[in-house]
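Structures follow.
The same chain A turns up in both complexes below, where it pairs with chain B and then with chain C.
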Partner chain A sequence: MTQTEGESGAPDLATAPAAAMAPVRRERRTLGSYLFMPTFLALVLIGLYLYVQSQELDSIEQRSLNASNVGKAIWEHVQLAAVSTFFVILIAVPLGVFLTRPFTRSFRGVLLTIANIGQAVPTIGVFALFAVAFLFLGFPAAIVGLVAYAVLPVLRNTMVGLEQVDENILEAGRGMGISKFGVLTRIELPLAVPIILAGVRTALIINVGAATLAAYINAGGLGRILIAGLSTNRLTVQIVGAVLTAVLALLIDYLAGIAEDVLRPKGL
Partner chain B sequence: MNVRTGKASVVAVGGVLALLLSACGDDAGSGGGGGGGEGGAELEGAELTVGAKEFAESKILAQITAQALENAGATVDDASLSGSATVREALEAGEIDMYWEYTGTGWVNILGNTTTDLPEDLFAAVAEADAENDIAWLPAAPMNDTYRIAVTTEFAEENSLSTMSDAAEYIADNPDDGTVCAASEFIQRDDGLPGLQKAYSFEFSEVVELDLGLVYTQVGDTCNFAEVFSTDGRILANELTVLEDDLEFFVDYNAALTLRQETLDEFPAIAEIMAPISEALTDEEITAMNAAVDVDGETEEDVAAQWLEDNGFLG
Partner chain C sequence: MTNATGTAQNASGRTMIKLEGLGKQYPKEPKPAVDNLTLEIPEGEIVILVGPSGCGKTTTMKMINRIIEPTSGRIILDGEDVTKADPDQLRRKIGYVIQQIGLFPHMTIAENIATVPKLLGWDGKRIDARIDELLQTVSMAPETYRNRYPKQLSGGQRQRVGVARALSGDPAVMLMDEPFGAIDPITRDRLQNEFLRLQAQVRKTIVFVTHDIDEAIKMGDRIAILQEGSRIAQYDTPEQILTAPADDFVADFIGRGASLKRLNLSRVRDTQLSQWPTVQLGDDHSTVLEALRSSDKGFALVLDEQRRPRRWVSAPDLQRGEGRALDQIGLPPEAIVEPQATLNDALNELITANYSVAIVVNAEGAYQGIVDIDSINEAIRTMRTDARARARVGLDVDEPEQVGR
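Up next is the complex of A and B:
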């Protein structure tokens, strides 16, 4: 039976658990791999631009596909994704830290269930509920809906990231006289950063996708273009809305990947 | 292939039928049947299929038609009454025999015209053009399911608004109160918001883009004005007042029964049975029926039966 080869020929038994604990561990990227994605996305955008230029746009298409409208939609979309992810981090990381402290064991399940419900309920349903039940619309409502939807991956990864830190290292830290808070900030959190960042990256991508629904509650974004194309049966408009959303998602994923590389503590 | 003249019902020779139908010139006599039921037997032996689109109004109209035809002795297959998006294709392919279409949809979606070249008499133009496709349009009902701007009845009374011109004037005087809730399609279409503002020379102060389902609930809260469909049951449920389109900007979407010409030739009685029914279908009548289905949760079948009964069409 062939087992998975361990790195640098180390014995299988020793590497297997280590590999399981650090799923995001990977080689630093080369310059070429850094340039690939932006080049690809630029080509896609140029292709899209040329395609739209080659079309004869009727008045409905022109209403959606003009520079100021498209620019506004992209900016709204970036704001939706960025602000919602900011609040996701603000809520989920401290909550994750809190829920991994031993004294919270008794109600850990309840809070995780709530976070699970947040992700299980469709975003459009949350939006409709806010609008109908509380007359809560627009950008703030969209942010609340998106945050509820994306809290879970960051919360989960924060908890997993903290729990995978080797108990012996913590023991050693405490032995050196570091306070409980010091152990958290100087040992546990830095060691959990790669996994937390992977969760943040997931949340960002979820938010870029789900933010297209914000157009249904007057919060704008690229969904406005997409929905305009769908509701008026204009294929060109649909393509522009869809491609721009995809490009934005890939670009943000790419930037988040770089942030992961940069923010990962040295030596991990 | 649904224009079948009754196979099983060739019970009696068409003597009775010939008497009954002498006025109609029906050539479906081969189907013959024994005597009329409660309602008459103009369509005795006819087997017909009525289609509908996938929303309540279309299904109510289909039910009214099916029940009226059954009352006249026809057998109507109810399978297609539940509605489908491809009802026009089904009609052309012969899978159904008839359904209610809207004049505006006929002009734009079926005949491929734009809303900038609207004829004076939309129904006549559509009926004439569609005849080339061998589709016959029976005279349109007065009901007009089209775009309208609505306000809460309270707001309409406070500011004495009854027409779009009143609204344009009100918004010019109160520029901050001219918020409108609308769905994407209305905001984008030339015969929607952009054209409306041009026709009445005014501009809403803010456009709140929402899913259409949310628009009805937000009037009076998020916005003073809202895009509605003029015969929507939620107009009654949310106590809204529909503003009259006094400059006749919006395209007419009068409902008319459409059927293949061969079906009409075979059963000309359909036109006579449906004429008074179609005439009675006003905005008020259909809006009330839509509300009964969409708001109160009654079935299309019951609502249609009740309406036919109340208006004496089953006599």
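Up next is the complex of A and C:
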């Protein structure tokens, strides 16, 4: 039981971002489907707690697996994911708006290529580059790396979301005398919200996964516990790090899904 | 007969929109989309721009509210040159309906209609009152529809909301780009009739684009038939265009069956109705036989207390249905039309109906008379004579100009 959890927790780190790239549009959810995920995650955590309790912990394990250290790691991890996603939205949404205006057609390709490069380069490579070449370490460096990695899905979804708005609706708006800015803020952006949010959710999940690597440049997070377990060869510590990361990723994805449902404009 | 310069001779004489030498040349196109168009649109009339695909009719219309900016010429709206005016301000004064309607899907019907009044800075109370008034105008119960979203409406209802939204700022001018184009034929017909009834109340100046000559004839006070580059082939009333097409292009565009199309121009109320024997629902069979005997029609129409048609009965029906009430025998009435229906509607109805007649009832459903094939024949004959006479007079007056062309 515990063994399979450990195994399913670890690959999750690698596959979570890839799976989130294609967000599944969920139609109207039932109360049951709303309750399923939190119940499941609670059971996993209880299982993990009972497993750890049943183990004889040595001093190395005790140093990693105490409430204050685990709590601090979780909090650091949430901060990494939240702050990086915040900056991703701050950069990608305005950029997406800018790149869908007619006058930017000439250099649209160049900027999209740059965003593509950000995604193509592995996060760990970006961290290593910062650390080795610029001695740029810690929380700010981790945020820069995570943002570069997660900008593309939000940018792309913002552009697709704005471009899929029915041309006729925009013409009707312009024809009624709504200004260009008014059409953008009152018609285009609200109608693009569902697709932009899907991109934000993807970025959030990418960042939760990739933030595990931030521990390598001393930026904290759940990666710290995982790496401590690997370097000291303590299986229990590895399992706790992996399972907690997976649970956190699933929980944030679940919350983002609810946010999507709530923020989608009515009438769509 | 008016002609290629597009000057209007209307009754009120006031011109609402004047296009002067209007042109649109797209870069890298060999020919202009609209070439030096001059057109006067009289106040309170529906002017139809009609022509084959690619003739520039939509481009012309969209230059009036400057969705498309003209490259030459001037637009005079109500005496004011708006060619260089602020387009957003200009558009708030012009109602705009497009074929796809373009309701904002994330806004309720009320919010959709409130768009222009909000831009015009009306206060909330006035806007709410206006929304209810407009929904009633387009026959949609405000309390039912105010808070619905566009996707919860049928195509016909969306179209009505589109019209209500275009009317919301009480514009003097409306532009309509194939507004009934995407609607099924039956609903389209009803919406066209509703719209004409509405226009009779509001008397807006309307520029209406269509490629359907039948719609043009039905809806237009005046029709501009356009050729490539928005050149006017003929600008005239529907009657005159049907009777006296200016050239082969117009004649071709109208197509065959101009006489049948003319039936679209006359209403049932303007024709002489035939009278058939009628009896009351409670009458006994001998009264009905008496009525049938004193007429040559062979069928009597049974009416109820409100004079609504209930049944057709003949002498054989009476025999077969001995002793039964009048609404138990004979055939149910079909082909019921109202006085504002066109003769074309009546003809369509009566062709498929029993006894080849259409029953005319008023708005309350009470019997007024009968349209049969003879009344339609008579109407066609009269129209033809009248139109020929008018065309002759028109030709005499325009003769010098015709030579000059």
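Going forward, the second predicted complex is superposed on the first by the 242 of 268 C-alpha atoms of A that agree within 3 Å, B and C clash if a C-alpha of one lies under 4 Å from a C-alpha of the other, contacts with A are read in each partner's own complex, and residues count from 1 in each chain.
In the analysis below, a residue touches a chain if its C-beta (ideal position, glycine included) is under 8 Å from a C-beta of that chain, and two chains touch if they have at least 3 such contacts.
These figures come from a predicted structure and were not determined experimentally.
Look at chain A after the overlay: chain B and chain C fit there side by side. Once the two complexes are overlaid on the shared chain, A:251 sits clear of chain B and of chain C alike. Once the two complexes are laid over each other on the shared chain, residue contacts for A:243 go to neither chain B nor chain C. In the superposed model, A:132 lies in contact with chain B only, and not with chain C.
Of the two partner chains placed around the shared chain by superposition, neither chain B nor chain C is touched by A:112. Within the superposed three-chain model, A:44 lies out of touch with both chain B and chain C [touch as defined at top]. By the touch criterion stated above, A:59 is placed in contact with chain B alone, chain C being left untouched. Look at A:177: by the touch rule set out above, it reaches chain C but stays clear of chain B. Minimum Cα separation between chain B and chain C in the superposed model: 50 Å. Counting contacts by the rule stated earlier, no residue of chain A appears in both its interface with chain B and its interface with chain C.
Contact residues of chain C toward chain A in the complex are 65, 67, 87-93, 96, 98-108, 115-116, 119, 149-151, 165, 175.
Taken together, the chain B residues at the contact with chain A in this complex read 183-185, 187-190, 194, 208-211, 213-214, 217-218, 221-222. Interface residues of chain A facing chain B in the complex, by the touch rule stated above, are 59-60, 63-64, 128, 131-132, 135, 137, 215-218, 220, 224, 227-228, 230-232.
For chain A in complex with chain C, the residues that touch the partner chain are 166, 168-179, 187, 190-191, 265-268.
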